[in-house]
Structure formats: C-alpha cells, structure tokens
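One structure, as structure tokens, below. Some questions next.
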C-alpha cells in the first residue's frame, strides 16, 4: 500500500522498517531530519511537510503523547486537505483524545483508527507487537496487511475509537502493578533471608510465566536499571493517564494511586530516566534496605 | 517409603492418594474419621493416634494454619516419642512458626522440612503441585521421591527452615495483588466502554499468560464466585501473614495493606466464603457499578 | 479606598459588603447581572466592563478557579489598560498560576497580591475570614485596611506570590484529611458499639477543639449533608490541586491520594453536590454499614 | 477511699500521687521496687503481693498493654480472693480484652470499669487527664471522687465495658492521623517555598487550635524528636490496635493502614524510640528532602 508515516522515534522507526520490508511504499515525516534520512536510505521517500505524509492511501502516526498529537495532527487544515482515507493513530493517548480525534476526522471525511501497541522497540523490530485496534470494521480490515507486517497479532476491540486506548491504558497500569508487587515481595523476601532471585525463579516457573516477571524481575533482583528499555518517567505518564481516565468516569483506582506515589518517590530520588524497574527502589527505601 | 500422613482435608487427601499410587506405604491420621476411612479403602492403614502417625520413616503433615500446627504437632511428648527421622510440614504457616518448629524438632532429634505448595486440590490430584522446600539438604534429598510423587517440581530454597514459608507467603501476596490489579482494570475498562472479557483476552495472550489471569480473570469478568476454589477468607489470612512477616522485620508493604482493606470490605459485604476472585466486588462497589 | 471588585458569588458578595460597610468606594463586576444590582442597591457602583473594574486604585477578584482566572483576568489588554496599582487575587488557585500571574502583571506595571481565605460565606459575612496573603510588603501594607474590613486576621506569608496559595492548598488538604479520619473513626466506633456522637463529644472537648471537628463532625454523626456549606466536588478540586502542586515538585502525598479516592467514590455514589462531610459515606460503604 | 494501685510507670506514678494528694489511702504494687519506695516516701503503703493490692475497697491498675494485663490480672485466684468491690483498669487495652476481663471479673463477683485516659505524664501530674470511662453506672458514680482527683473531666461512655477502650483506640488513631497529615503538608509547603513553621502558625490560629497541632507541629517543623513524650513504637502499637479492632468487625480503615506503613518505615529508619512526631521523617524521605 501507499503509506504516509509520521513520527520516527525508536518505536516508529522499527515499525516503518517492517512496512518497507513487507513491500509497502512509505512517505515518512519526522520533526528532526536524521531519522527521515535513515529511512530514505532504506527505501522510503521523504515527506517535506506533514501534509505530504497525509497525501497517501493511509497515514500511520506514532507520536509521543496527547499534547504532541493534539498540536500536530488535530489540525483542521491538515485533515481537510488529506488524500488519505484513513489515519491510524498508534500512539498511547487518552481515550478522551481518541474520541475528539475521531469526531474531527469524521467532519473532514477521514477515517480514524486507534491502534496503540504492546511491546518495546526490540519487539517492534522483530514484528512481534501486539496491536490493540478499534474503529470501523471495514477500515480495520482494509489496513490489516499493515498490522500484519508490524505485529504478531491484532486485537479488534470494537467500533468505539477509544476502546483500544482504554485497553492500552489498562494494560500499562497492570504492568506497573506487577512490577510494584514483585518489588514489595522482593524486599519481604530479602528481609526474611530468602534471596529475591530464588523467589523470582519460583514465580516465573509457576504462577507468573510471561515477559513481565521475567524481564522486570531480573532487573529488580539485580537492582540494575540501565539502559532504560522503558523510562520510569513514562511509566508515571501512563499511570497518570489511567488515573485521569478513571476519574473522568468517577472510578477510584487505589492501586494506581499507590503506583503514582511510588513512581513520584523514585523520581524524587533520581530514578526518572532509569528503567521502570527502578520503582523497586521505593520499596527498598521504605524498608531502609 | 513408610510414611505417616497427618491432615486429610481436600489438599491432604489428594496428596496422600498420589503417594499411595506411587507405591508408598501410608499410615494416615485425621481429626474426623471419614477421610481416614476413605484412604484406608484405597490402601492406607489408619493411625489410631497422632503418635502412631509419627511411628514411620517420615511423617508428612498438611494442616490448616499456625494455630492448628502449634496445638497438634509442637508437642514435646509427641516429638520425643517419634520414630520418624524427618517431619515434612507442607502447610502454609508463618516463617516464625517454622523457625520455632525446627528448633523444637532438633531438640528431640527429629529433622524438620518446610514444604508448602502452590496449587489447589485439583492440581494436587494431578500431581502437578509446585513444592517450595527448605531444610537440610541431605534430608531433602532423602524425601525427594515423595515430593516427586506429589508435584511437578520441587524448589530447594536453602537450609533455613523458614525460607520455603517466606516464598509461599510472598507468592500468595503476589497472587492476590494480581487479582486486585485486574479487578481495578476491569472496572476502568467497563466504565469506559470496553468489555472486561475483551481486555482479559488481550492480557492472557500477551503480557500475562499463565494460570492467574486466565483462572481468576474469567471469574472476575463473569462475576461468578462459586464454587470457591480458594476461599476469600483464606486470602485474607495469607495477606495478613505477609503483613505480619513483613512487620516483624520493619518492612512496610503498602500494596499488601491495600489488599487487606479490599478483602475486609469484600467480607463485610458477604463474600468471605466465596472464591478469592470476589475481591473484585470491592472495586465495583467503589465505582458504584 | 477606591476599589474595583470582580466576582460576586456567595463569598465575593459577602466580602464586598464588608468593604462597603467599612466606607470604601466599590465598583463591582460580575458575569451575571443580579448580584451587581444587589450590591448597587447597597451603595456600590456598577462596572459596565471588566476593564472598568480595573479603573480603580486597587482591584480585588474572587473567582472560581484557575480556568476562570486565566480566561478572564490574565489578559494582556486588560492588564495593560488598568489604572489600578495592585490586583488582589483572593481565589483558591494553583501556586503555578500565581507565579505566572505575578509575572504577567509585572510586565504591565501592575502589582499582584495572592490572598486566598479560610472560611465559608457566613464567616465572610461576619468579617471573620483568615486571610492568607503573599506579595510585596509595601503593597500588602497599603491594602491592609481592606483586609481588616474582611477578615479577623491577615497572615503575611512572604514576598513569593505563590506562598499564600501553597498555604491555602495545604490547609484544605488538612481539612479533608481531618474529615476522612473522623469518618473512619466513626465507623470503627459504631461497629464496636460506641455511638459516634459520644466519640465526637470527647474529641471536641479534648484533643480536637476548633471548627473542623465541631462542624463537620456533627454532619457526619447525623449523616446529614444538605444544605452544602462546602460542596464535596469542590473538595475534590482542592485535593487534586494539592496532588498536582506536590507532583510538580516530585512530592508523594499518599494521604491526599487516599482522600482523592474516597471523594471519587462519594461522587460515584451520588454525593458530589452534597457537603464535603459526605466523604463519610465512603467509610460507611466500605464497612457495609 | 481505701485504694489499691497496680502499675507505677510514668503515668501510674503521677496518677497515684494525685490520689494521695486528695487524701485517699493507697496500697501500691509494682513489678520493680523503686517506684514503690518513692510512693511510700510520699505516704502510700506498699503491697507485698498483687493480691495485697486487691485487698482494698477499689483497685486501680495502669499497666502497659493487653499482654501484661492478661498475664498479671486475669488470674482466677487473684480475682476470687479479692476484697475490692471494683477494679478500674485505666490501661489502653483492646476492646476484646475489656469484654473478656469484665466477664471474668463478674464470675468472681468483682466489678470491672474500663477507664483509659487521654494525656501524657505531665498532664497526669497536673490532674488534667481526660478520663474515658465505661461500666455499670452505680460503680462509676462510686469511684467518681478518684477520677476527680486524677482528671479534669470524666466521660461516661455507657455500660459496655469495651466502650471506653473503643473511644481511646479511636482517639489515638485520630491523633496519629493528624500528625501524618501535617507531616505531608509540611513537605508540600517546604518543597514549594513556604516555611512549614509559617504554615503551622496559620493552622493553629485558625482551623486547628488545640494541643495536637501545637505540640506535634512544633516538633515536626523543628525535626526535633527527643526527648520522646510519646514513643513512636507505642504509636504503632495503638494504630495496630485500631486495625485489629476494626478487622474483628470487618471494618476497613485505609487511613490507619497508611499510618501503619508510615510508622513501620520510621522504625526501619531508626526512629522507633523517638517521639511519635518522627513519623514525619517518612514524608521527608518520600520526597527526598
């Protein structure tokens, strides 16, 4: 397909490459020029302007957060001039923004699909993302080949444009919950003479197989938080997104509140740019370990 | 081997049967007579007294909690008269009790092994328990054939008799944490138009494979808590054990505190005899769902 | 003095009347006309425009929140055309807004004083407010006669324009904390056979004299939350302001997080328009009382 | 009256002296002999045995906690041999213990009054305690002259022997709540440029007059925790008593859970023997101040 691609951070770059490898034609745009040049060297063509990235059959964007998406893409002139039939927004944004975005796109005759992903940059590079998608079924089916090139599985979560973002916000809240839980358990174990690594070995081979305990657990037992696969400060952004989404519907999430406080403490103690696993330093500080 | 077996509740019965099936000779004792009769019909011999169950090469016990273990087994007369060389205590008890028990056994020349398990009665019946064991290595090796008959894997967690109990207490704390986390996420999803079952489907096939999300998640999305595979009131006992173990070493566990409050609320609302998954009713009540 | 007054809600009206009674000359502005007419009947003159309310020696404003202050008053044209030498902002706004406001006022040669108050409308009517003020000392001294007419005491909290708002945000957080604490204690007492009113009687005459326990405590023991002296939804606004102010400096406030969750639950259960004391319904729901 | 007095710690000594000063006849008992000698020098007579302290018209006890009361006083032989008509237990014990004690006393024809107090040793020395009393009215009236000698006011909280202990447990929970709340607010203020002492000055002269903010607030703003007027470790005992009392009736107290975790952290960081105000170190650690 003829694809415009906006946002070439670590995730965006990896995803764009997968599309090139699958034989799609890519017109790429990024705020800074270096990533554009790199992709062009691999076969993409450069979009001189954001509008040029919307002069395609379908446009995919992978930007940082609500603020950037709102400022760059929710622009009447951009959307009204777009040739693209569908815009696939793969960023982690708030469900509220997704609803506003879908409405604005509809006013300009443009389809909107929310498709945030689970997986870090290395997972994206391997084409193994889990893609959480919601929007009109016909349009989801139409862009399925693109998702197939980027992910191992695409979840169709219904027509509501916000549904995929609700799922993504929930998943990230659960991810941080699991890390806080193991952090507390590791301190409980260590203070009582059991090596956290021994506890982790039991857990990953019994109750908690899967990537979360295995990956974050190892960083916690080693208290090694660099390089940051997923920055702790971004974890605070995601937990805050969960709290705000919940509050907008009068839903208390006491566990998310606890996570927010643990993350703030970790940032106060200088761990904001380290990996999310550094939330475990808060548990250690509590126990004076 | 020639084994004495004390405590024929749902778990104990299933474990004893596995030993019989593996060709071991069993002398069984229970407070009430019916389970004894059932096991005798399957090839065990009855122990008329507790002391008779300690007239064996090795004695295994699977009792309810600290109180029962303390009252029945930490008895000078019983231990001093025992022929058994080793007592394997497979109950979920406090690390503190394990230390006191090991000391008392040693005074009477009896080995003590802590070996609590992960898995419900159906898992025990299939011989698929995860056995968390600690104590002297030579004795652990000696009783290994018994563990092999009852479990899919035995974890040697060191010589400290309390280590296995620390691991078990930690694992149960993490189990309840995961259930609370998904309960909150399910409410967040539902209040924002995403079916909790759709969220669960994503999670069990991406971040959170394994038995916890799959098993408890289904009960939560269906709000169906009977029959109780693991009673909620027992979950409160386990979380309290984690809090007490932590407090004894001045370790704050704010997530365990939150779990305790959620469980207490569920009990106040009448869910104490239902499955642990009913902790999710607390999240729903918070949001007036 | 020749005073412009902006914002004639319940608080603003009562404060403006105190100034009239003390002999000051008032030019009053409000979004809706009725309160203006009422004050004019008592001797004020009407300001046809916001700008006219800044055509005075000093302008006092008493608006709802950050959003309204930002939209109406942080206006380059308004501030550059003002004759007033000083603008006294008595609303409960964020410290961040106070800093931005002070800077913008300075650019237009206008002094800025932050002076939020402690006390409800009946306290304002009696001239018994506690006024928390910060800003340049000379200007604070100059407007002191106005504060004297409105309050029982003015606290000079330093030159930093944000200081008074920090104090106000902290005080409101402490107010809600005390109410949550007594709410939990009242349930503890009731569930154990002690009437909450008897407990309250002890407390107000020993550890906790003063208006908070006496006033809110009575509403809690009677579970009577109307009319709302201070709306619960406003309490959530204030606690959120404390959390946001804290988060901006990486300060975790776990007690404020707990209050936010209790307030959200109360709103989910339909108590948002009732008095703040209705936060106690959350404690009762937790215990199934 | 002819009074037996058991327990001459700092509180007991001060209270016994007030009784002597009021002209009552005292027979005093203590585990260690020095305090007995001191009181005898002031006019008391020594009780050679605990039983001798119950050979009086009325016996007052002021012991440390449930464990000590249970071990020393809930003794069939002691109670059956007592001449005293009434035993007034002024210790802070659990409501559950009060009920068991009242029943056991009744079986031996002895009246039981629960009368814990609010106030530290200096308050006791001045005869200014607040006495929280419950039990049979006739007996309460009979011992009123003793209470009048020790306190500024006696609160009759009903016939239920546990009621006074419920009130005391609740009051102490509220005391620690207020200290945690101000601790968090002080950090919020400091991190935002407002001196905590300035905030405290506002609060004690507006919303929060009374001894709690004035006394503990000063220690917190000065971060000065010695000598300990009330040891932090005792504060943990009291909060745990509140949590246990609540849990026995399925009442969640999330604020008490938070206090417990803050206190445990303070103890882990070495503040257990300092004044309760040192709970504020936990808030400072959270914010890396």
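The chains carry the letters A, B, C and D, assigned in the order they are written, with residues numbered from 1 in each.
In this section, a residue touches a chain if its C-beta (ideal position, glycine included) is under 8 Å from a C-beta of that chain, and two chains touch if they have at least 3 such contacts.
None of the values given here were measured: they were computed from a predicted structure.
*Asks:* What chains do chain A and chain B have as common neighbours?
*Replies:* Expected: C, D.
*Asks:* If you tally contacting C-beta pairs, which comes out ahead, B-C or B-D? Let me know.
*Replies:* Result: the pair with more contacts is B-D.
*Asks:* Measuring centre to centre with C-alpha atoms, which chain is farthest from chain D?
*Replies:* So the farthest one, by centre of C-alpha atoms, is A.
*Asks:* Let me have the rounded angstrom distance from the C-alpha centre of chain B over to the C-alpha centre of chain D, please.
*Replies:* Between these chains, centre-to-centre, one finds 39 Å.
*Asks:* Round to the nearest whole Å and give the separation of the Cα centres of chain C and chain D.
*Replies:* One centre to the other, that is 38 Å.
*Asks:* Rounded to the nearest whole Å, what is the centre-to-centre distance of chain B and chain C, using the mean of the C-alpha atoms as each centre?
*Replies:* Chain B and chain C have C-alpha centres separated by 54 Å.
*Asks:* Which chain B residues touch at least two other chains?
*Replies:* In chain B, residues 246, 250-254, 258, 261-262, 264-265, 268, 286-288 touch at least two other chains, as defined above.
*Asks:* Applying the document's contact rule, which stretches of chain A touch chain C when the two form their complex?
*Replies:* 246-247, 250-254, 257-258, 260-262, 264-265, 267-268
*Asks:* In the complex formed with chain B, which residues of chain C make contact?
*Replies:* 254, 261, 264-265, 268-270, 285-288
*Asks:* Under the touch definition given earlier, write down the residues of chain C that touch chain D in their complex.
*Replies:* 95, 118, 130, 132, 153, 155, 157-158, 160, 162-163, 166-167, 169-171, 173-175, 177-178, 180-182, 184-185, 187-189, 191-194, 198-199, 201-203, 205-212, 242, 245-246, 249-256, 258, 262, 286-288
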